[in-house]
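Consider the two complexes below, in which chain A is the common component and chain B and chain C are the respective partners.
This part shows the complex of A and B:
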């Protein structure tokens, strides 16, 4: 039915556009049957229908909960009882003053500074090498990229077998074979967080190298060759040609790394479940513990909202930097 | 001069291959250990297994009800990816082709989504899903994954803006309605973006843990990725089953990667907007 209408509508439009001046009668008929606002409305129906599904899902899955989080963060809601009180900034005060609550926050921020730094320092040289003239470079690219498509949960669990404190763990089995003492590794609360950093870096470096690689391939080889003829050393070529070309990719890569590290959840959970003790609890896990396990929705919402603010600032900085690069082009 | 293959290059190449081997040791260790008994792991942690025995694998298959959960993963991932592609491309058509104040507002409205992590929305979302009776259901998880359409939308919009409108206008003059113009003319032209969106979201939805963890839990509807988590709890300390289980649950993704390697690397990098 509506399809019929639409087809007629287009026919009528064609009529008005091309024939109306020649056939005044036609135009007259159209004007009688199709008031302009109705025609406009009909033309807009498909466009509205097109955007509606995404709009509805997005509004329910993102916007509504975002507003709810903001609202709950000022209350003592527990997720169950229909009655709750407005407590003002009490939750925020609690989050910022309680050592137990602020600790995962600080740890997460430290984690998301160390990981991007290490990944970037390794991914750029790796990309340069993978862009080289090696015969097996496709195999090498695939090897380094493989962890990126596997679930973080799998990667985390795989490493628990390697870093296990039991004698069957790969590191400990090797140590014992060569006559050294067994180490605590993941069971050592001072070391556990660093081992998580190691595994995250391992899992991310290939993906980010691929991102840099895609950008390296846009550099005109003639440019590097000209520099070489002019007597620039390999380091100078890298410093003055390659690196500036990678600046936009670096903005994207670093922002993604920071945001990804702030959000990290599955991999540490698989490796340590927050332990030993509370030494590797990160932000997401902390929110889940407070909000769902302890039913302190209000408090956890304040944590979530602070978390959102941090992410928003980073995203905003990245977008601003990116648009500056676009302008320079 | 850049292309010559010298002895130095060969040394570099061998160094890189050694690095690759070190890089992949965790996966190698997992695979060889899956065929070993625990005393054998102790004797030679990195050596090849003395015999190939699949009985551990069979036990793991049954232990986590592999095929049932594989089917759930395939079901959830496929429908989610289709919804993401359909919703995303349709919405992008409106935003790219209909420029007025409302669509500009909607574009910015959708942009907020890039800044909102699941961590910020998960608690109210949990309550909303509970009220909608969608907790622990496949439909519920698909509904949440369908939100990926927002990120697809921006990839599609960028591509569509660069696409000439001639064909669409010609079709309109020939009397085709907007629906037909979109599905018959525009959508087929979007194929490269659709491939990227589909691959990227396939990997992402398949590997998703946090949504499954919060909204499916340990139920019968758990995805394969969730089942890894459930299985690790269930077989605590029984390495002979845990390791084959890990390998089995990852195998589908490894196969997918080997089959579509080039497209995956390209797609993941283009789709990186999402993060």
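This part shows the complex of A and C:
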């Protein structure tokens, strides 16, 4: 019997024995003396008690506001007046028919597709490299991780200086130094959003690489060694050993990236304040503009609720698909 | 967004009441400093006032510190629970949230249309306070609602043109006094390899308001009075000014697309550090920072053909249900004292709307003269309640003009389209 089979055999025995003992001492006795539903209920009491405080807090800070937002979305509430009217689906009609309101919606969804893709594509190879053995490994890990620690506003303002269209902007100063023309950069309404994507990706790659790095370190070196002995190429080792082991981390990382990208607010605001024009206004900023600056809480609530649905659908789909991928592996 | 733009937005609503209260701008702020001081330092009246005073200010703590120190000296038993939100959007958002949650602090700055808060009964009527009774009609009228006065603002801000005297003198160029001269002066400097006007991302909004103020508003001050009742439209009243910006500033090359990415700091760099920009439009509060550049031979002049942009500054209001009413009233007592007023004036380089002897820097004397002669106004006063929504369309729209993403006609039409849904509310 091989070592692996022996190990599995012993694990099975231990699990079976433990389960039998537990059933014999506790649940089995309960099952004999009480109806099954009561036994199940009693078994769940400790878990429920532990969850209850969190559930209460969660309900107060998330569920109730969500219900309230849904209610306001059918009114013309302005945030101040206690008197407001029921307007039916008018706010939803406005959101879906106004170019000004729908543009940030579409832009945000695009943003939340591109950022996770780019971060993931860059973070995994980076994690593989940082998992190697070289002298400056710790320094490089810290360097890549640093941007994710800094305040988004600090990063935003720093990059505004770097990407400024003025001659005082760092990139333009360098371009002029080498005899090139200055570029519009953040003043270009077609380019500004891509520059924000670039900065967000740059700031996120290190953190997500750390997530993958943690998973990489759980891979049994014997597997890689065995593959190496069997003549697998570096790509094959990555494709058939490393990548499948990263699947759980990928599910979490991509979900975090999608949710974070959908809700992003501070960094784009610090970089462009939504400009030039409306070219970089994202959904959260748009909701705040409509709700608080323009005192149209009803309209902003409709935007928020639609946005919540989009986030829920996208995240649920992503987690389901990637969990299935994990299971297949 | 320029500081001037922010202040325009913040104060246009408050100023919208000036016209109603005072008839017109020309008599709105007259005899501001003629009368001798009437307010007395209330040091004797502070006995017994104690506890905590909650305060929300749109000036940060560092800027407010002289006032806070003065108050603490006069009312040593009152502890101030200070909070700050930066102007303008963030402040308004926070104030709206607090008002909506019925959790307003005892005293706070008011910038959003006063009648919305007053109508909801969220503000205390301050009209019986001694300090309020000596305010000029413009200043009390700015925050009047239904016979009461709901905010105390003893100061006025002025917007104008700071200019580099040396550049004008060395190049033999005279200050502009008309809109055409204004454009010509900018072009003259640009042709010399200098920059006539320091510009940034939000400058086009300032320029469209400047042009409207200098032209249509001068010939018909009530041109936009019916903008939210459907009697007139933005196409009729504002489109000509948007077209002027397009033709005279964008198409002529004065405003280049790259300026969309410039900030206030870039303007200061050009005007005060490198001294290659001849003019800089800003509010009177900009003087303090500019005065620090000793090599800059600074001057100030009114906006061509329109006096000064300006308005009664945002005021201080008291919650209708303050936790500590005595302390809140003490705050107003201090603010309206001679010491409080002098400190208030000094921290904002403002112009007073109450009897007070005070001095302004020599550079700013023309601004004081303009204010005291009533040569100040804010053309967008009629936007009142809906200012934020209109601003939210016009500000980015002016940037889209520069990037070629819209036209003056499209922008004016969009303003009217947005306005159409506001008309039923007014």
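One rule holds in what follows: the second predicted complex is superposed on the first by the 253 of 329 C-alpha atoms of A that agree within 3 Å, B and C clash if a C-alpha of one lies under 4 Å from a C-alpha of the other, contacts with A are read in each partner's own complex, and residues count from 1 in each chain.
Quick note on the criterion: a contact is a pair of C-beta atoms (placed from the backbone, for glycine too) under 8 Å apart; a residue touches a chain by one contact, two chains touch by 3 or more.
Just so it is clear, the model here is predicted, and its values are computed rather than measured.
Colleague: With both complexes overlaid on chain A, does A:275 touch chain B (first), chain C (second), both or neither?
Modeller: Second partner only, chain C.
Colleague: Could you say whether A:294 touches chain B, chain C, both of them, or neither, answering first, second, both or neither?
Modeller: second
Colleague: With both structures placed on chain A, which of the two partners, chain B or chain C, ends up touching more residues of chain A?
Modeller: Looking at chain A, the partner in contact with more of its residues is B.
Colleague: Would you check which partner chain A:168 touches, where first means chain B only, second means chain C only, and both and neither mean what they say?
Modeller: In the superposition, A:168 touches chain B and chain C alike.
Colleague: Go through the superposed model and pick first if A:79 touches only chain B, second if only chain C, both, or neither.
Modeller: A:79 sits against chain B and chain C alike.
Colleague: Does chain B (first) or chain C (second) touch A:226, or do both, or does neither?
Modeller: neither
Colleague: Considering only touches as defined above, state whether A:185 meets chain B (first), chain C (second), both or neither.
Modeller: second
Colleague: Under the contact definition given at the top, report the residues of chain A touching chain B in one complex and chain C in the other.
Modeller: 79, 168, 288, 292, 297.
Colleague: List the residues on chain A that touch chain B in their complex, please.
Modeller: So the residues of chain A in touch with chain B come to 3, 6-7, 9-11, 14, 43-44, 46-48, 50-51, 53-55, 57-58, 60-66, 68-69, 72, 79, 129, 132-136, 139-146, 148-154, 157-159, 161-162, 167-168, 170, 173-174, 176-177, 202, 207, 210-211, 214, 221, 224-225, 228, 252, 255-256, 259-260, 262-263, 265-266, 270, 283-284, 287-288, 291-292, 297, 300-301, 304-305, 307-308, 311-312, 315-316.
Colleague: Would you mind writing out the residues of chain B in touch with chain A in their complex?
Modeller: Residue list for chain B touching chain A: 1-3, 5, 9, 12-13, 16-17, 20, 23-27, 29-30, 33, 38, 41-42, 45-46, 83, 86-88, 90-91, 93-95, 97-98, 103, 106, 109-110, 112-128, 143-144, 146-147, 149-150, 153, 172-173, 175-179, 182, 203, 206-207, 209-210, 214, 225, 228-229, 232, 239, 242-243, 246, 249-250, 253-254, 256-257, 261, 264-266, 268-269, 272, 275.
Colleague: Mind listing the chain A positions that touch chain C in their complex?
Modeller: 78-82, 94, 100, 160, 163-166, 168-169, 182, 184-189, 273-279, 281, 288-289, 292-297
Colleague: Inside the complex, what are the residues of chain C that reach chain A?
Modeller: These residues of chain C touch chain A: 1, 89, 92-93, 96-97, 99-100, 116-117, 119-120, 122, 201, 257-263, 266, 269, 388-389, 392-393, 396-397, 399-400, 402-403, 405-406, 421.
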